[in-house]
Amino acid sequence: MKIALMMEFSQAAKNPIVLNELQAVAAEQDHTVFNVGMDGDNDHRLTYIHLGICASLLINSQAVDFVVAGCGTGQGAMMSLNAHPGVYCGYCIDPADAYLFAQINNGNALALPFAKGFGWGAELNVRYAFEKAFTGVKGQGYPPERKESQVANAGILAEVKAAVAKDNYLDTLKAIDPELVKTAVTGERFQACFFEHCQVEEIAEYVRGVLAA
Amino acid sequence: MKIALMMEFSQAAKNPIVLNELQAVAAEQDHTVFNVGMDGDNDHRLTYIHLGICASLLINSQAVDFVVAGCGTGQGAMMSLNAHPGVYCGYCIDPADAYLFAQINNGNALALPFAKGFGWGAELNVRYAFEKAFTGVKGQGYPPERKESQVANAGILAEVKAAVAKDNYLDTLKAIDPELVKTAVTGERFQACFFEHCQVEEIAEYVRGVLAA
Amino acid sequence: MKIALMMEFSQAAKNPIVLNELQAVAAEQDHTVFNVGMDGDNDHRLTYIHLGICASLLINSQAVDFVVAGCGTGQGAMMSLNAHPGVYCGYCIDPADAYLFAQINNGNALALPFAKGFGWGAELNVRYAFEKAFTGVKGQGYPPERKESQVANAGILAEVKAAVAKDNYLDTLKAIDPELVKTAVTGERFQACFFEHCQVEEIAEYVRGVLAA
Amino acid sequence: MKIALMMEFSQAAKNPIVLNELQAVAAEQDHTVFNVGMDGDNDHRLTYIHLGICASLLINSQAVDFVVAGCGTGQGAMMSLNAHPGVYCGYCIDPADAYLFAQINNGNALALPFAKGFGWGAELNVRYAFEKAFTGVKGQGYPPERKESQVANAGILAEVKAAVAKDNYLDTLKAIDPELVKTAVTGERFQACFFEHCQVEEIAEYVRGVLAA
């Protein structure tokens, strides 16, 4: 699985801590981690709004399979990611959240609070949450006997999100203030991940156009 | 403020508990509560998918000012509500979440876990969260000196959600499986709240059409 | 390591759930579990007061190495266990608590809330906490560079507890209402664990006396 | 009610934050707060071991009615305070903990984690917990119909603690390493609170002796 970590300006200083835990867990499971947001010394400032756009591009182009995002409380990132079609972002403060979300909702993103409740020893909680989010088979339902209805509801949510959004995916991005999109895709590490792994040429072309504008 | 409480089938049995706490807090602040979801004995089965549609209708028609929703973990309700334009749904497990969301994000909905972590004494936590969610002036930022940028980001999120969604609000609903919408609006208590307080005639007409179909 | 699980009357119905998780984790680490409290159908009623006495006997006789106890909120069990010499009982609501307590405080007991916050899926949280409590080497400090002072403080706490208590261990039990002690040691499963593994003949003799009285 | 706040060296820098919240809540309820531990610039270093001794002296001499203590995870402070006769210390991470402990256990101390989980906005959680700990009548049971058995158990715990400890209170202190006691009572703010409000002349005399030694 390809996992993107994306952090905004307000918690950029904690990026090395979170990245370290995510990489440690991912390595055990042969997942690959891409650190595509701020890492403390970026020259462009990402807010949770930009994280939503980054996640939308990476998920909808199948450049990555999963996104870990967050902000101070995690609420902004969570709402911002869920605003986009194809992105299903849970909110996770403990390992059981991570496990239940993986089994019941089987989404493709998690938003974490990187400031609220993130005190001493928070790296432990983050690691344990990643362990439960990224180990084993997802979407098995919890408890297993409720799998069928849980999977069904996840599928209906996908239909509702598709119905609410503009019919053409790129139109959802084109309707957004171009400055926001440009800032979202300016990062070198974001571009390295996106352009190398994007599976939808049309989206790659669009991003190239944004960068050239 | 008009507050709608909506609970799905899986936690319907807890509706009296949650309603009681919400009403107690609302009464102190002169808010009005509408219990528009399941209350244990409904003849139609609402899932978190339906709650999203209910919230979309009530918020976008200005029938209510705020929605309290939830499901087992709260994650399904949170994603389902956030799928709709105009709905900004936080995830709340403690009173500080409720306060910070009110001040920083100033959204119009909260999703709560009504099964996970909802053990003995959970009514206390719910009440305390409501106290902090529904007391005082919202949108003041936290800490206050960051109000300006927090309000700005909330505004940008609104623009992004509007951009992503279909241009005409009713088109977002019309694109959804009509059976889902019909089930969502079938409840007597939902209809009482919606038709009495709906401020957008076009939406009321649409719902009447759904019910007549 | 020998681990005793002890639950009081108020949460006895949950004993099979907690026992199952504890046994699953213990099996992976070659620990042995003794279920010495109530399991739902005991004919004598144990409160958190009795759990403290049970823990005191098992720990001070080295019959077991570790005790997992609890009550509704866990607070009564925590205070009751800590009232006894030689028992160092932490309070644990999440996996990071369990890990930090094992590394920093290196105590020999944990009290858990088995009602408050113990909602749907609570078995996951309990299992994850046990994973972190019972895996790996304890007492290594956290972070490791603070090990020395953390170990020193744990040692000083032991001295203080010994100083506060009556000089002779058995005198601490003999000063307690004999009815309480008798109820605490009446259980068949408690006796099986205690008499088979007790390393201090004087304490075994005392318990035999209590039972004969 | 007279409430003492005591913080150890590791979290001394956060004393102004916690004190501010405690004073704000206490003022609304006409409680008086004494800040008797470290405040960041003390010349003597208090650990959670010393906090236990401070609490023991203040509570057993009736100099104060309640103690708020803590350390990094709160576990050391919690065990250290509970080691002493007459001190009943709960562990509190959220407002519901504070309320339930006040109603069910009716203890006279709370230990809080001042590092673990103490992230951005933690002052809110601390304030809300204090609100629930220090407002209204304590010891009413929760739910109220279980008051009788809950009060009975609290009384039995008091008997057990008294039984386990040395018969004479001062003997519990005299058996402790005198250096520990001396460090515990050296602080100017501790002494101001203790000597002005101590209701047991014998204990005051003992402390004077320790200071003179």
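Going in written order, the chains are labelled A, B, C and D, and every chain counts its residues from 1.
By our rule, a residue touches a chain if its C-beta (ideal position, glycine included) is under 8 Å from a C-beta of that chain, and two chains touch if they have at least 3 such contacts.
Bear in mind that the values here come from a model prediction, so they are computed numbers and not experimental data.
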{"item": "Common touching chains of chain C and chain B", "value": "A, D"}
{"item": "Distance from the mean Cα position of chain B to that of chain A, given in whole angstrom", "value": "24"}
{"item": "Cα-centroid distance, chain A relative to chain C, in whole angstrom", "value": "41"}
{"item": "Centre distance in Å when chain A and chain D are each reduced to the mean of their C-alpha atoms", "value": "44"}
{"item": "Multi-partner residues of chain A (at least 2 other chains)", "value": "72-73, 96, 100, 116, 121"}
{"item": "Topology of the chain contact graph, where touching chains are joined (line, ring, star, complete, other)", "value": "complete"}
{"item": "Interfacial residue positions of chain B with respect to chain D in the complex", "value": "94-96, 99-100, 121, 124-125, 128, 132, 142"}
{"item": "Residues on chain C engaged by chain D in the complex (per definition of touch)", "value": "47-49, 52-53, 72-73, 75-76, 78-80, 82-85, 88-91, 93, 96-97, 100-101, 104-105, 107, 116, 153, 156-157, 159-161, 163-167, 172, 175-177, 180"}
{"item": "Chain B contact footprint on chain C (complex, rising order)", "value": "72-73, 113, 115-122"}
